[in-house]
Amino acid sequence: MNTLINFPISLIVLCSGFILILLGLWGMLTQRHLIRIIIGFSLMDTGIHMVMVSIGYVTGGTAPIINNAVPMSEATNLVVDPVPSALVLTAIVIGLGVTAVMLSFAVRIYKTHKTLMIDKLTESKW
Amino acid sequence: MIVEGLGGWLSKVGNFSLTLLIVTTYGLLMGAFIERIIAKVQGRIGIPYRQPFINILKNFFKRTAISHGVMFYLGPVFRIAGGIGTLAFVPVIYGDEMFSNFSMAGDLFLVIYFMFFGQLGMALGAGESGHPYSAIGIARGLSQMTAYEIPFALAVISIVIQYDTLSITQIVAAQQGGWQNWTVVTNWVATLAAMLAFLGMMGYSPFDIFLAPQEIPIGPPTEFHSAYLGLMQLNRALFGATKLVLFMNLFFGGATGWVELMIKTFLIYMVAIVIGVAFPRFRVDQGIRFFFKIPTLIGIMSIIYVQMVLTS
Amino acid sequence: MFKKTLNTEDTLKNSGLTDEEQQLFSNARPQAYEPYPIKAVEDFANWARANSLWILAFGTGCGAIELRPLMTARFDANRFGVAGRPTPRQSSVFVIGGYASVKTLKRIIRSYEQMQGPKFVIALGICPVNGGMYFDSYNTVNQFDQYLPVDLYITGCMPRPEVLVAGIMELQKKIKAGECNGANLYVENFDWYKSNQKKVIKNWDMPDYNW
Amino acid sequence: MVATTDTIDIFLQPLGIYILALGVGFLIPLVYRVNRNSAILVFFTALLIMIVIAGLNLLAIINGASVMDIETAGIKPPFSINLRFGLFEGACVLAVNTVALLGAWHYLPRLKQHAAALLLYLILVMGINGMVMTRDLFNLFIFIEITSIATYALIGMERTAKGLAAGFKYIMATSIASAFYLLGTIFIYYQTGTLNIDDIIANQQLIIGPIGFIATLFILTGLLIELKPYPANGWGLDVYETAPGGIASLISVGVSAGVFFALYKVLPIMDLYLTSIAFIGGFTFLISNFIGLKQENTKRLLGYSSIGQMGLLTLVIALLVQLDASAHIPLIIGGLFINHLFAKAGLFWLAAIVDRKNIKDWSSIAKHPSLLILLCILLTALVGLPPFPGFWAKWELVMLLASEQLFGWITLILIGSLLEAVYLFRWFSYARNVESSESVEKPAEVSVSFLQQIPIFITGLLLFAIAYVMSRFMNVDNQLIYFPLMAGFAIWLIDRLNVRVKSLIMLLAVSIGGYFLTKDLEGINKLFSYLLIGGGILVSFATLYRHDDRKGFYPLLSVLLLSLATLLRAQTSLEFFFAWELMALSSYLLVMLGRNKQNCDPGIRLGNDQKNDQKYNQINAIKPALIYLLFSLASAYFILVGFAVSYSATGNYFLFSLGDSGTSTTLAFSLLAIGFIIKIGGFGLHIWLPEVYAEADDDFTAILSSVVSKAGIFGLIIIAAHLGVRADIGLNPAYVLGWIGILTATFGALMAVFQEDIKRLVAYSSMGQLGYIVTGVALMSHLGWVSAMYMTVNHFLFKGILFLSVAGVILRTNERFMYKMGGLIKNMPVTFTFTMIAIIAMSGVPPLSGYGGKWMFFNALMDKGWYWIAALAFFSSAVAFLYMFRLLQTVFLGQRKLEHRKLREAPVILLIPQGILIAIIFVISAYPKILIDVISTAIDPWISNTLVWKGTAMQAHYGYWDAPLIMAIIAGAWIAPLILLLLFAKTMKVQKVEQFNIVYAAERPRRPEETHFAYNFYAHYDRAIGFVVRPRATAFWNAVIEWTHSFAASLRIFYNGNGQTYALFIIMYFVGLFLVNGGLAL
């Protein structure tokens, strides 16, 4: 646990990540315009990615390449965890996909409803 | 009471026929007697004693008749079969094998249920006549019957608990040995309930709405005449007397001879008559409600009484 | 036995009824009855009939008021076997209580025909005899026996109950003697009576014989 | 290079599914450009091969192969992603892929328009497969997202306004959910250093502290939200409502299946939350089914049902894990899951091809027997009626929960199921309604090609097949329980034949089948087999009187009668319950075939203003049928719980071990008794009875009353024998039962008095008579039981006659109101005579058979000291005279209507069974010893014989009864005056007169209608004591229904249609879970 306190860089990233997530959620919940909601989603997505990256970061660590400079035995302490980085890549791709789909929905919704206000999209309820 | 062989059964039937004759005659005579008493009260002389017999004969001597159909025809037959059968199942004279009739065939329960037989058949016969008054009369009569059955049933259950039997003969046997053993003394609550039911059962005022001689001309038998009516008049005497005998057996110690029987049944009958001449008529729903109130309460008390006082 | 319909070919027309109603009323002709083949039985039957006179409780005119006292303590007709009966099916005596208006006549005929024989008619007062004070009334029949057979007349306007009692006792004598054959008379002269009835009763909306 | 066979082997590994989906998927757009049909061919081949792969591998595992762990990238886990293909995974994948294939078939007309659609569909299926198989937490996320994106795209392809709006809400909700999931995954990884689920489970001690708590909570919330818990599920419902059936079905069953499986995988690290999960599941199940009550949109209705089912699954899995009863997972979870999967998918497709938005418009399929049958099968499966998988699963579940004493959950599950049955079968009612439709313009007839129905048909078949397999797994050795269904199916095959031919074949088949099923029985069961099977066939014979071809009637009737036979045969409570449910189902469907088809709203509101005949005539059998089904289900659930209570005490299903229930005896007895009382129509629970008896086909009412009602009596006697006598429980439940019985008798009789409708009158009368029998059984004495059985036989006899004669009367007059009849004795003398004899027998007037029953009954009551009950019994038997006379008077006597003058006697086919029954009545009346000896021997094993015979006379403690002598005396007393009368008639001129030749106060009657005293016959009685029979029970149940619906309406205020509100609920769900599980304390 100490890592979080002692190493401000990752802490900053983590905190800003969380702030972004909350901002994004706030945007999704309060902004009635679809595009703004999508932006909120993107913010949240980015926030999550930042959290992910910050968790894998080892302060002062090097790139996760096992070679002579980094002996196998000390790898865990010296090397930045590569897995979160790899996950983030995937997550970014997925986030992109979702954003794209959302945008395309927004376009089509505008075509059919002539509006982008989410509170007008309440045809089906109960 | 074991009946052996054909001879035994034949003599049984013979004895019963005698009982039937006596009870019917007695019923008719008592009817005339009561009429005369009422006449005396009203300052009249009243009908001669032979009048009921003449009326019946007259009806049988009618020369034309109509028929509304088979059930109409059979209605009076059912009616009097109900009377004869009921008498057959009631032992008339206690301790006299000759007049115990066919009471070995069934118990008190049989008698109570068989009473419906005649009413049902009669109702069907009257129904086929197509006369609306018949149907109205029956509807009223049956409704009233359900109402007075409640106190009666409670009273009967009470005495069945008291004597621990349903056999009428045994109920009478248990009341022998003096008036202090009669049900009316030992279980006066049940007797009271039963006597209130009795008023409804006899169909005198205040519970005679189902006959309503003026409003719905004499109710169910409106269309009946000639020999049909003759049979029904016979039954009225017979059935009435049988009911009296039943009440006498259940509540007033039964009878060991014909004279005792006549005195007792006459006095029981007088209860209905006295109340009948003294009270105006109930509307049918009033009559029903009446039975559901006080008599039913008394009936319930009679069972509690017998459980708390007599059997404990 | 119970479905005995006599003389099916000789039925009544019942022309007063619509086609629909025809099937609802019997169209059989009334039948006269013979005395019992044994004289003693017939006498005994007549004695019983005479001593059990059940009067139809149908007050047809002003005389009806005279019938009521019959049952009171003063006259006590019960003594003679007289009793009132609310339904014609069970009655044997019809007391025509004075004048018979045409309207009432229709009802009288109907009730009379519904009584079962032997049945007796007492005409009370002068009106059934010759119309009495209503002799020129437009709606009262004058000679009642043109329309129904009368077994006994008790004249007067109005006869008192005492006379009525006397008349009843007279009727009993006639019955015992076997002389009261009004019912058979009516059957035998049915067509004559019926045509007389139909002459005065214009709205004949009932079968020719009310069984 | 690898050899070809090896290639195939490798290809057939589970991994092949992904290779295939991705490879073929991206090939499809290419092929599509060349030739559309070959693209479709490729698409289907791919789906088919996916099924084959799943199937073959599953087969291998079932045959003993070890669980397959598929590693990727050549490295062992945890360093690589691995997939697992075990029994559960295999079954799940196979089922999902099968549904996917059938769904593709169903959805093909739309799919084939775009190459992308085909591709997306394949990707979607692959995603679900991945969710099921993967063992990697992050990989799971990816598969969830793949599935989601494919779903979004497929939803978006349908460019309807509503669909797009719903789709956007869906995206918002699921993206928040997957964000939660992703966050959770990361924190788990942070604490455990691995993403492999097995590793995580192995190292779950590392998941500690606030971070561990939050991490698991994130994962849980993400997955739960995907399962659409109430109230955070409005977005899901919107999609179900608007998405095309093919997609909605895949979301409902496929995606949910994947997510559910994912939840199952991570449950081992969710120990802390199991209770919450259970509550969420149960809550969602209950509430969804509540709200479903108010729903009229077909697909949204299915959505509620779908969400409810997933809630149930969630609840059950949490409970099973909590109880450590994973051995039960295959049967319970598997059964519920498969049931939901196929039935729900089939229903979504059906909804799509029928294409009626409002369930009230579904009457357009009323003339499509195949669609109706499909709908019925799927609904039946969904509700969990036999023989479908849901039935077995529910049984296992309830038994398990009962043995763990979790009765609260049982109650919740059963209430939810009942509510679900309400709205599902209400839908069926609308579909069955021939005229119908509230909508102004009549919906056009549905035109559905045969081809479109095939996928649905296949799901139905699969359900049957799986159910059979399940029953094998549950060690149901007795294959005879399926006999009724098979016989019914066989009869259905010949349903096109002439009605006479097929009915005779049916009677023959049931006779033979019934004989073989019941020939080995003994004791009480044997006695009832005469009654139920012999009697059933005899009364069924009367059904021949109808000339229309009655499609479906005979197959169902054979199922009903034979299920009665299997009911009698049942050795275990499971067999008993199976037959019981089958009986309820078949009789429900038979009631629904009722002929009186007029426009009505088949809601479930009860009762009607019987005085208002205009309105009344518009009721048909559909509404009562639904009520009947609901009460039957409620009855079945009580019975189920009763058996479960007993099972929890004894540990086995055998009926004869019911008596060993120990301390649970009273509870089990009470529950079972309530169940049977509902079926009998006991006091307060009777409201279904008159409606059903009145509206069912006239001849079927006879069967219902005289035969089917006896099944309830049989059940009561069986439990009284096993639980009451053997275990020697305290008097109290039996005494209460006695009171229920007698109140039923009294109020049944009183209600019957005031009916204008002939069938309702006889129905109430039937109810009243059954009341005596219930009390007789409750007496728990030898004489009491003999009287109960004797009355049962009698009830069969006279109710058979009465309902059949009523059927004849209704056939001829075309009326049901008694005041519209009258004087029919002239036209139908034989029917009248039979009715009269039946009524005398029923009334208990000597000498006919009813008296014996009453006599024994009263003696037994007096013996027992139940004096108040005896008094009430006396009263009610007197009241019975009122309605009996009314029936005879107003129908057969009195004035005949003009239009009825030409009526003929009832058909001979109706009279023959009545004649036979009359003959039996006379034999029993004269020599009751024949019957009583049989009854007595049947009862002797349970209660020692106390009957004393003196010659022909029977002696009891109180009284005695000599039936032959009574018969002789009464015959004599009857014949003598008859002869006298006939003699005197000789001296008279007797004229037969017509109906208007009556004394009418010197007037003449004008119309029969005015002269017939029949309407409101007992007005005076009503004035006197009518207040006690105002329909309070009906009012009460109506209030219950009203309240339930209002409550349901108030529950759905959360669904305001706004995507942001829905998103808020999701976040609040997380917060709620956080708080409830002590988040603040950390």
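Each chain gets a letter, A, B, C and D, in the order it is written, and its residues are counted from 1.
The rule we apply is simple: contacts are C-beta pairs under 8 Å (C-beta built on N, C-alpha and C of every residue); 3 or more make two chains touch, one makes a residue touch a chain.
In this text the structure is predicted, and so the values were computed from the model without any measurement.
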Chain at maximum distance from chain B, centres defined as averaged CA atoms: A
Chain pair with more C-beta contacts, A-D versus B-D: B-D
Gap in Å, rounded to a whole number, between the CA centres of chain D and chain A: 50
Chain A and chain B: spacing of chain centres that average the CA atoms, whole Å: 99
Chain centre separation (chain B, chain C; CA means) in Å: 36
For chain D, residues contacting two or more additional chains: 985, 987-993, 995-997, 999
In chain B, residues with contacts to at least two other chains: 62-67, 69-70, 73, 217, 222-223, 226
Chain-to-chain touches, reported pairwise for every pair that qualifies: A-D, B-C, B-D, C-D
Residue ranges of chain A in contact with chain D within the complex: 21, 25, 28-30, 32, 34, 37, 41, 44-45, 48, 51-52, 55, 83-84, 87, 90-91, 94, 97-98, 101-102, 104-106, 108-109, 112-113, 118-119, 121-126
Residues of chain D touching chain B in the complex: 823, 825-826, 829, 836, 840, 843-846, 851, 854-855, 858-859, 862, 867-868, 870-871, 874-875, 878-879, 881-882, 884-886, 888-889, 892-895, 953, 957-962, 965-966, 969-970, 972-974, 976-978, 980-981, 984-985, 987-993, 995-1001, 1011-1014, 1017-1018, 1020-1021, 1023-1025
In the complex with chain C, residue positions of chain D that touch it: 898, 901, 982, 985-997, 999, 1002-1005, 1008
Of all residues in chain D, those that touch chain A in their complex: 138, 141-142, 145, 148-149, 152-153, 156, 159-162, 164-169, 171-172, 175-176, 179, 182-183, 186-187, 189-190, 195, 234, 237-238, 241-242, 294-295, 300, 1052, 1055-1060, 1063-1064, 1067
List of chain C residues in touch with chain D within their complex: 1-6, 20-21, 23-26, 28, 31, 33, 36, 58, 87-89, 107-108, 110-111, 114, 205-206, 210-211
